[in-house]
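Down below are the structures I want you to see.
The two complexes that follow have subunit A in common; it is paired with subunit B in the first and with subunit C in the second.
Up next, the complex of A and B:
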């Protein structure tokens, strides 16, 4: 299958400065919900803007449907973009906002009317069509931005952190709506975010970026259970994976693969007990609970070990008090990393 | 109890006490002159002799005077043409210069220069340039084969010449204000428009203009009032002539007040000017403010 969007050897630098992106290649498959995930400044928004054509790549080529996009205007790329701050035209009513692109595309009046009716019904905007954006709430504006994109029936939706200006509850709700929308429209979504929860919950494919390089690509499940490096392991999951230096472990007989420098395990795989269990099927340490946070279905503990502290997530209704405890992590739940912080597969 | 009331009264009076100095200045220099002008307009007075109450006679003779109506026509002609051209040229300049490149920054200061030069100096420079026999304008006109124009001496061109001067002086200031308004439009709106396949002209009319409408609203109003008050150029370049063709309300008022010493009549003209500015402002706010987008 040819990818919907392909980046080949993309380089981007802003005049005179060292490049933000040195050599980036990626493939975004048709009908996927691809999330570009990474910390701020990793180049994810820049990448999205280059796909949109709002930013010119310094080197390399961007293909959409196999066609070189170098000299194609943003408006001609058959894409629609949803901006972080919505970028609604404040002087136009909601209807005019949604209609603006259609008019420029020379869509006929009846057809425009029909399409606007359709999207505003889907997104629950029908009653707001004659209002100005300033009269709407954040969530409604977000929907208008979506409507403005949807009404053009683009082949690709580009979304630049569209949920970051919403409060937590609304964000969850719109997240769900976006998943539904993606299923319904059967088009390609490219979504930029720094929020791993957002990425995990919506994506079919995640591309994790750091400093302009791809750290790992894969499905949410793959990327969560099979991190290929410490960066991925620590970026995905909340709280992040505990990473301990091998040198922190006491002389106790620990069988690890060759070249192991770090050992990692997820907080939810930690077992705590007052004393060490008899049959040790994993690594064990002694530690002290320094904080506990009740999160509802689970309790989050911060445990101080000899040199480091770790997080543990325990699904239990009983709270363990601040005390000395024993910690155990089963062998099969351990991840090993070499000195370059890359995963060692045992 | 008494103590509390006293304190309450004190705190009630405090704001008034604080604005008193400003109010004194306001009353002395704004309210009093206006009231006195209206008062004077009911009298016949030559500044030296006795004041004689003549009721509305100043007004009736003014409205019956054909010269007054010529002056009104001139005033509106000057106002509409100069404000229209200032706004048009400023807009074009602003669109051309709004990107902050080095050369544009230089040009922005250059076009602002006329604004800080006094009208007196500008009038003298233009007087020389408009000179029919050895002025700069006619020199260039003759160079390109057009017969010379008697700019300030011809009833058809005198007013247009004055408009040219005030447009030239006003464009820089207006341009800078429009530039700053354009620069304040968030860039993502232009990006959104680009993705919506909007062409340059459409983006300008549908995004840029509506977004800077509050600024344009302000500028048009300020320019209208400034143009109604134009005096120095007329005084220095044409003295209202030839044949009253450049006489505006302000100059008419000045003439009656300080050349003919008909203070009552001049005050009546002043009242008309004031009412005119007031009415324009009210109409302007009523009609246009609804179409303006405020953030």
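Up next, the complex of A and C:
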């Protein structure tokens, strides 16, 4: 299958400064919900803006549907973009906002009317069409921005942190709506965020970026269960994976693959008990509970070990008191990393 | 307890002083327009008229070709205003949004023209215009004011307040540069445009100096010069007639101000819409 969007050897630098992106290549598959995920400054928004044509790449080539986009204007790329701050036209009504692109595309009046009616029904905007953006709430404005993108029936939706200005509850709600929308429209979504929960919950494909480089690509399940490196392991999951230096372990009988420098395990795989179990099918530590957070279905503990502290997520309704405890992690839940912080597959 | 009252009183007194400074000349003009000739020279002067002399206005209207002057003023001030919009809008847009070589140098040049007093340049302009034969006609009154550095500066500011994202959204919506300007930039800058239009119109409408310099022919002269010629109607200065003419001169300005009051206040307090 040819990718919907392909980046080949993309380089981007601003005004002769050292490049923010040195050599980036990626493929975004048709009808995928691809999330570009990474900490701020990792180049994910820049990448999205280059796909949109709002930013000119310094080197390399971007293809959409196999066509070189070098000299194609943003308006000609058959894409629509949703911005973080909505970017609605403040002097136009909601209807005019949605209609503006269609008018420029020379869509006929009846057709325009039909399409606006359709999207505003889907997004629940019908009664606001004659209002100005300033009269709407944040969530409604974001829906207008979505409507403005949808009404053009683009081949690709580009979204630049569209949920970050909404409160948590609304964010969850619109997240659900976006998943539904993606299913319904069957087009390619490219979504930029720094929020791993957002990425995990919506994406079919995640591309995790750091400092302009791809750290790992894959489905949410793949990326969660099979991190290729410590960065991915720590970025995905909440709280992040516990990473301990091998040198911190007392030299008790611990069998690790060659070249192992770090051992990692997820907080949700930690077992805690008052005393060590008899049959040790994993690594064990002694520690002390420093803090606990009751999160509803689970309890989050911070446990101080000899040198470092780790997080543990326990699905239990019983709260363990602050006290000395034993910690056990089963062998099969351990991840090993080398000195370059890359995963070692045992 | 005394301090706040003191503060309030001082504030009130200052406000009253300001009102007096602005209001008294105005009141004096209107008052004089209704006086008889004897009353205008009477000492001590009276601050009230018991028998308003409405016919002063008729005298003023008849003494000079009032209609002709008014038409000239309207033609000149409207033309100047439209020409200014025509030159100021593209210039402000370019300075606010486009990238080109020599931009800051050009903008600096535009700004520096604001610092040159018009009394300094009127002579070279006059000489230039007379060489071109542009004297005693509408063009000689209009062309020197065909653009406005102040307007370019102000409009550039409000163009720059339009968030970049909105313009990018317009780009993705396939809007041409012209459409972006007319449908997004100009509506966002509406208060500034209203203010600039008013400033332009009023300053041309009230201008006395340049029309006096460049024209000698009543056929193209504007209202302020016409009004001032009322002084020479009879022997001695007939202040009541001159003031009646002045009242007629400022009536359009007052009407426009009353209509556009809201927009003017918004232009000066504009902080951008989110």
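The criterion applied here is as follows: the second predicted complex is superposed on the first by the 346 of 346 C-alpha atoms of A that agree within 3 Å, B and C clash if a C-alpha of one lies under 4 Å from a C-alpha of the other, contacts with A are read in each partner's own complex, and residues count from 1 in each chain.
One rule holds in what follows: a residue touches a chain if its C-beta (ideal position, glycine included) is under 8 Å from a C-beta of that chain, and two chains touch if they have at least 3 such contacts.
Quick caveat, the model's predicted, so the values are computed rather than measured.
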{"item": "Clash or fit, subunit B versus subunit C on superposed subunit A", "value": "clash"}
{"item": "Contacts of A:85 with subunit B and subunit C, given as first, second, both or neither", "value": "both"}
{"item": "Partner chain in contact with A:54 - subunit B first, subunit C second, else both or neither", "value": "both"}
{"item": "Partner chain(s) touched by A:104 [first = subunit B, second = subunit C, both, neither]", "value": "both"}
{"item": "Which of subunit B and subunit C A:254 touches, first, second, both or neither", "value": "neither"}
{"item": "Common interface positions of subunit A, toward subunit B and toward subunit C", "value": "52, 54, 73-76, 79-81, 83, 85, 87-92, 100-101, 104-105, 148, 152"}
{"item": "Contacting residues of subunit A [partner subunit B, same complex]", "value": "52, 54, 73-76, 79-81, 83, 85, 87-92, 100-101, 104-105, 148, 152"}
{"item": "Residues of subunit B defined as touching subunit A within the complex", "value": "186, 188-189, 191-199, 202, 206-207, 210-211, 213, 293, 295"}
{"item": "Complex contact set, residues of subunit C against subunit A", "value": "163, 165-166, 168-176, 179, 183-184, 187-188, 190, 273-274"}
{"item": "List of subunit A residues in touch with subunit C within their complex", "value": "52-54, 73-76, 79-81, 83-85, 87-92, 100-101, 104-105, 134, 148, 152"}
